[in-house]
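What follows is chain A paired twice: with chain B in the first complex and chain C in the second.
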Partner chain A sequence: MAGKIGESEQSAKYVGKAVNRVDGHSKVTGAATYAAEHKIDDLVYAALIQSTIAKGTITKMDTSEAERLPGVKVIITPFNAPRLSSKSTPSGRSLLLLQDKQVQHDRQNIGLVIADTWESASHAASLVKVSYKQTEPQVEIEKHATYEKLKSTTSEIGKQISAAGHKRGDFSQAFASGAHKVDQIYSTPMESHNPMEPFAVIASWEGEHLTLYDTTQAVFATRKTVAEHFDIPESHVRIISPFVGGGFGSKLSTWSHVILAAMAARKVNLPVKLVLSRAQMYGPVGFRPKTIQRILLAADKNGKLTAIRHDNINETSHFEDYVEASTHTTSRMYACPNLITSQNQVALDIGTPTWMRAPGEAPGSFALESAMDELAYELGLDPIELRVRNYPEKDPESGLPWSSNSLRECYKVGAEKFGWHKRNPEPKSMRAGKDLLGWGMAAATYPTYRMAANAQVTILPSGEALVQAGSQDIGTGTYTIMSQVAADTLGLPIEKIKFELGDSTLPRTPLSGGSMTAASVGSAVQLACQTALNSLIKTAIADQVSPLYQAKAESIVARDEGLYLSSDSKKGERLTDIIKRNKLKQVVGKAESKPGNEDEKYSMHSYGAIFAEVKIDSDLVRPKLTRMVGAYGAGKILNLKTARNQMFGGMTFGIGMALMEHTLIDPKLGRIMNADLAEYHLPVNLDVPNLDVIFIDEHDPHINPLGAKGIGEISITGVAAAIANAVYHATGKRIRDLPITIDKIM
Partner chain B sequence: MHPFKYGKTVDLKEAINQLGSQPKANLIAGGTTLVDLLRLNVVTANHLIDINQLPIANIEIFEAKSSPEIGARIGALARNTDVAMHKQIIKNYPLISQAILSGASPQLRNMATVGGNVMQRTRCAYFRDTAVPCNKREPGSGCPAIGGLNRSHAILGTSESCIAVHASDMCVALVALDAQVLLSGPQGERKVALVDFYLLPGNHPEKENLLKPGEIIVQVELPHSPFAKHSHYLKVRDRESFSFALVSAACALEIKNGKIVDARIALGGVATKPWRALDAEKLLLGQSPSEGLFAKAGEVSILGAKPQKSNAFKVELTKRTVKRALLAAVGE
Partner chain C sequence: MTYKISRRRFGQLAIATSALAALYEYNFAKSNIQALAKQSPAWQGGNIPKLTKVNVNFQVNGTKQAVEVDSRMSLLDCLREKLKLTGSKKGCDHGQCGACTVMVNGRRINSCLTFACMHEGDEITTIEGLAKDGNLHPMQEAFIAHDGFQCGYCTPGQIMSAVALLSETCGKQDSDVAECMSGNICRCAAYPNIVAAIQEVRKGKVNASL
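After this line comes the complex of A and B, so read on.
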């Protein structure tokens, strides 16, 4: 039996190592084909028309001037759009698809022009004159969820999603009798994903069969949603997405432009390409909603938490519920017998929010980990000591044991690396030259998810292997780590592995979200490789000529491009010899790997501790982040290079969240006013200091066959709080409203 | 983007003729502002006249002996990078070099020209979005920034019609150093002080400068500067690089025998045009440099400010920025 990666560390040649990206060359040379780059014959181009108001009714769309432009083929508006299937309610998002004349948010897609060049289409789109009957939009959550209202009771505000809350013990009594307390409101702004690659799709019909070249984090979900909207079988839809230039959650959903592109392609009976501009992505393709969170903490005189309450309110659209689950983590982060959490929404005249890197955890950890810092000061305790005193030995919500939990080691290792012991806790006490110096820390966590996944391996007579899984590589290194897993399992050099993904005709896998691709697809790839090998082993031990004739299957391992006895490294032969002698065309292994009932036995999460240093000029007060150290226990790290890369990305995401990201809506017009990368600030190189990432050597036999926990999202979690806590330490000012900008510190 | 005619010219007179004879003609040099605005449909041009080949890209430095009035002539087509990296500019006018290097990115500075930078349009989000009203873009349509999102907007030189901030860094330094612009047009050449070249918005924010139809900026002239030893450009912004100023200050001092004999304070990021804080300058004359004095200059520099709801912090931030720029100018 071929060895499992988690079990035979010494035999792993690639897994766990800093392996270069197998697709790196194709990306830096431009050979990697992103959605908009597929060469399709007879392609025509679509340009979106978006609403310029946030609420109202379209009374007229004058397309006459636009239609007269040369090259314009058709202009689709709510006045002439094909009616879509009303037989069933399609899965996925509630999409606004030109089926009525209502405008429900700024930059709602209200039409599209199809022309034979992109230039004609976009020019024509700008000439369409839209008349509206406008209504005053409501876009300010603060008007509906004021501080005073929050102070009285959160649950009366907005729509309460009670299922999303937690309750244990008697919060009210415990809080009332608490010795040390914190009761504060925290808020995080609307933030936009801004993946480097804009949303793009090419839609091509052949009869009733539709092919979509789409940039998506979910080829199978896209297939389902599209099929339902056009009332055709899923088997008639193919989604192709070999490369995705970032998504950060925004590309998990199939948004309206995908359906509209397919609608347009059917209308003109030609393949249609639609690429959204940067500005067109602020509204109709999701964003992280603004959150307002109230946290109440009580602790006894020894710093043991006795009561926790965390209420979250977030904005959503009028046409779809969306809960930013900011309080989820709170229920199990600290040992505390009395707890209440709630999650509420306020519907506004905005687009529907969506998951953005660590949805819930990112804004929630800002509030909780800031509040813990406030409690530490209230108690006069070191913030790490406070957290250690409240470390839960088992999951305080479910009562289950941890599958593994390295949180205390993260504190220890991170603090050592950062030099935390040199910290004077007194605010404004430390200096770097003339600047104020601030050191802050926070804890981080993210659940370990896994879903059923399939993979197929084909070992060819050449000794190479083709490994396939639907999946997606959203820039995280899926091609690379899957190739590593396959190479180690099959005992082949990684150059002999060809990994294919991003196609709904390949074996079914889950979406690339929730930091679960490595665990889900990796486990399937490993199993498929083992299945293929088992078939070859069977052939070998039945083959009188083979050195492995009549050997026990369990005693055979795959290595050095062959099968060998584990007890006698010389006894065995090359895979190609077995295949050739037995005249096999190829050896195929198919497998599905899915979670069992481990989640009933264990509580499974990644943990981390982040340390941040800021320097702040006492006059000009802009916090300059100068150092950050993150220590993480995230199970088996499959590729040190891509993993560090992903952690850097997430930490940088956290820097943006802490210090600059903010999607600005005009309160009267309801219009997003910084819909470009000049005005929507993301960190530039100078804003990102040396980042230090430490992975704790963590072995978790319970979570999945690879022992990998996923790292895409824990990397942003806690960063904003660590920086906010450092700003407090430097200045004595507690900023509870992100982003932390000069005006707030002054 | 609307289609337009594109042509190059190598002759200044021809450029002036073409520009003056057509209602929707625009000059294009580096294009770093114009191309943006064309894409946004904020500017719709029928004809782009590419002037990159006009012979007005030289940077000339003069000795006081041979040229008592003029210390430097910078051609309108000199690239921002070439000016900022010019050895004599760095030596004689370090303020200009610092200001240019604090703006945009290397790629943009390599394209952007001095004349184009003088003509840089505001970054006001309402101006740059044709979906919303803007008095500057569409006279009489209103100013949603007043009462709207105005954290980045002006507190000096504003009017009931417009609070858009002038976005340039370079021009703040130029104004501090009494730069003049040489204009060439159908009626010949004329020279105006850069600070007067810009108009306050008043009731006509759409009229931003003194340029007459067909007039082209051909050159920026600088007097000899006694400030090279004691000057500093300080820019405060929301991130380390590649963002516009919340507040900037170009400060320059001439110090003789421990006393300030000449002083310049110009502000960016807070006013509707590059702003000279003349009263604050006067306050410094004859005084010895000190933190207290500089703090007072900061206070005075912002007198008369009219803050909005979200940009009130700029009043205090400007005071501090001026103080710090002056301190830096004397090496502290």
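After this line comes the complex of A and C, so read on.
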């Protein structure tokens, strides 16, 4: 059978290798076309007007001055906005679309100006005078989730367990009788995704048909949401998104500006380009919500966990629920018979939060893995030893066996590479010159997801293949890894593969989230290639002139641009010869690949161990990350070059989370105070030290045909805890509130 | 961010701010005169600048360009919207991210912090002008080989900065390069690969300048 990756490793010329990105040339020459860069005739520009209060009612919007500015075409406000169909039942987010005059959060979109240039539109937007009837906003989750409240409301939270939590054994009794205990509150801040490419869309109507050039992690979900809002069939909407300048979860949702741009384009009957400014992205396009988490751990004198409790409260908006699933992986991270977890939310006068790289796992692992470090000190045990003693041989929640689990090897290999055995566990005991030195570690996990995906491959008479899937490449390397899979499966050089994505008219695929694109779309691409080859094999077998005439289909393999007998490498012929002789215009293979019932038989997750070194400047008390090692068991790594890079990305997201990132809200005014890249600190080049990424050689035959688990999100998981634990080791100060800034260490 | 970059940015900002003030003063004066002349209630707001078009001549990637620009138009928007050279990216429009980095007369600047009309006679090089006769610049080659990007949005700015760095004073260590490149944010965080790409080009510094 034609090239099945994973089964015949020798035949894989590309998969598993460090292959250069196939879209690299277009990215280094500036030719890659992002949303705002599509060249459309007769384009006009829109600029958003956003609220300057967090809560209240708009009483007036004076547009007279703005309207007199040369070039201004129309100004849409809640006072004149087209009504959207009330028949429709939009899926996706609850969007605020100028349908009423309520202001529910800072920087809410409350209008837009359309003009013939960007300069005129943005200038006019600044001239619109908005009058409000203000109400005092509530923006502090701490008022609703203090330590005392969290303690006293646990029974209330307990009621939510069936919806969002886990429960096994008898936590209360086990905790009461525990020999060693931890009971602490951890908190993580609001964080903003800040993809480098701002949200941008070009909307163009032709009659009742709408084309949107968007920057999205989900072309098909965007199509559905937009169609529902305008009450038109999905087939009338096309989403085009060939390049996405980063998303990190923020571009999984269709936000209000997309609908507003389409509304504006319909109103002026011209294509409209709308690009959000950096500051306009702090509010209406999601963020990671602040979490407050309480963790209780109990262990016997041998360090075996006897009780775990993990309660999470996060903030959300008043108009939409959002649960940060911080406790989800807690239930299966360690072998422990008694466990209870819960997740709850507090509605505030803020925008709606959204998924941000490892939503749940990132803040949740900070709390759990910090608490495990505290327990290790409580017990006087090495933190790795504590974790190894509590390694679950099977999924402690479902009782299912692991499809594969390399966690113990990650500890071992990571510790060796880091030099963990040289660590003196005593806090403040290690120094680098005058600076305090701290070494910390944490474990990481992320579930292996897969969804149904489609792909189509067309083998052309030229011997090239066009491979297509809706999908998205958000910098994760989809173009490249799919080309590798197709090249190996078809036996073609990668230069002869053209992979197309980012278009809702292409075969349907899932969104680019949950670290599942490689597994989902990759499996579909492989199957579509096999389908096309099978059709060619059938032709060859029936062709009297072919060297493969009457050969058995299962004895034929695809390699070196042809089909050959697996037993006789010389017997066979080139694909182009079969196609030409049989006068085929092209050979098409279409396939849908979807998960089976493997999740009923196996518990499927990636695992990792992260080791961090920090130095605390002796004069300034500034924490500086100087070294990090991450060892991961994440199944088959499809491209060592792009995968290593993606791990750098996630680890660096973790550095930002640990040491610098927080979106700050004025508690009185409810306005975001650091809505730009100068005040919202995120890691720059010099903040990132030598990062060492190790992939454990892991063969998992159960998860999906490629054996890939996905790496986009496990890469951030556990990082903040490893750094916080290193800071404790260096200073003796346990910082339970991120980010770890100088003031908290002093 | 380095002291050097900060100082240059400060200079750019100062020039941009004074130019903005001068232009607006001119516009305000003009519109006020018109308002007085017209005595129209519509003009009584007094601060509606008249749209000013400015003719500017410069070279972009070796090609002479004569463009009529809105006086409020940044060099970045002129490149992207007027000349359709969308390789230079808008990431923040405030000189905080470096995605818009281009070279003006051989020096790297943030093209979002400077008005197009300020560049009469200047030689501007963008990412589109780096490759010569279809051959990539060594820095572009190195970025591909070392995977110095993921989503690619900051990449043109990173590469323009990196090429400019070759003729600047920058120490030999990786950390020196990281410091000299800290004005270019990469949220995907391909930083270690960016440093590796630049170091490779610096070591074999053949034909690596413009």
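In this section, the second predicted complex is superposed on the first by the 735 of 746 C-alpha atoms of A that agree within 3 Å, B and C clash if a C-alpha of one lies under 4 Å from a C-alpha of the other, contacts with A are read in each partner's own complex, and residues count from 1 in each chain.
Throughout what follows, a residue touches a chain if its C-beta (ideal position, glycine included) is under 8 Å from a C-beta of that chain, and two chains touch if they have at least 3 such contacts.
Since this is a predicted model, take the numbers as computed values, not measurements.
A.B. asks: Once the structures are superposed on A, label A:Asn80 by its partner contacts, choosing first (chain B), second (chain C), both or neither.
C.D. replies: After superposing on A, A:Asn80 lies clear of both chain B and chain C.
A.B. asks: For A:Leu686, using the defined touch cut-off, is the partner it touches chain B, chain C, both, or neither? Pick first, second, both or neither.
C.D. replies: Once the two structures are laid over each other on A, A:Leu686 reaches both partners.
A.B. asks: Scan A:Gln99 for contacts with chain B and chain C and give back first, second, both or neither.
C.D. replies: neither
A.B. asks: Contacts for A:Asn424 in the overlay, against chain B (first) and chain C (second): which applies, first, second, both or neither?
C.D. replies: neither
A.B. asks: Just to be sure I read the superposition right, which of the two partners does A:Asn645 touch: chain B = first, chain C = second, or both, or neither?
C.D. replies: It touches chain C, and chain B stays clear.
A.B. asks: A:Ser177 in the overlay: touching chain B, chain C, both, or neither? Say first, second, both or neither.
C.D. replies: A:Ser177 sits against neither chain B nor chain C.
A.B. asks: Quick one: classify A:Leu664 as touching chain B (first), chain C (second), both or neither.
C.D. replies: first
A.B. asks: In the superposed arrangement, which partner chain does A:Ile742 touch: chain B (first), chain C (second), both, or neither?
C.D. replies: Touch partner of A:Ile742: chain B, not chain C.
A.B. asks: Who touches more of chain A, chain B or chain C?
C.D. replies: With both complexes superposed on chain A, more residues of chain A are touched by C.
A.B. asks: Applying the document's definition of touch, where does A:Asn269 land relative to chain B and chain C: first, second, both, or neither?
C.D. replies: After superposition on chain A, A:Asn269 lies in contact with neither partner.
A.B. asks: Could you tell me which stretches of chain A are touched by chain B in one complex and by chain C in the other?
C.D. replies: The overlap between the chain B and chain C interfaces on chain A comprises residues 119, 123, 678, 683-687.
A.B. asks: Per the contact definition, I'd like the list of chain A residues that touch chain C in the complex.
C.D. replies: Interface residues on the chain A side: 20-21, 23-34, 36-37, 39, 65, 68-71, 117-120, 123, 127, 193-198, 243-246, 248, 275, 277-278, 474-477, 641-642, 644-646, 648-649, 651-653, 676-678, 682-688, 690-691.
A.B. asks: So in the complex, the part of chain A that touches chain B is made up of which residues?
C.D. replies: Interface residues on the chain A side: 52, 119, 122-123, 126, 619-620, 622, 624, 659-660, 664, 666-669, 671, 673-674, 678-679, 681, 683-687, 741-743, 746.
A.B. asks: Quick one: which bits of chain B touch chain A in the complex? Just the residue numbers, please.
C.D. replies: Spelled out, the residues of chain B in touch with chain A are 1-3, 41, 123, 125-126, 129, 131-132, 144, 147-149, 151, 236-243, 246, 310, 313, 316-317, 320-321, 323-324.
A.B. asks: Where on chain C is chain A touching in the complex?
C.D. replies: Contact set of chain C toward chain A: 1, 42, 45, 48, 50-51, 70, 72-73, 77, 80-81, 84-94, 96-97, 99, 126-128, 130-131, 136, 140, 143-145, 147, 149-156, 159, 175, 177-179, 181-195.
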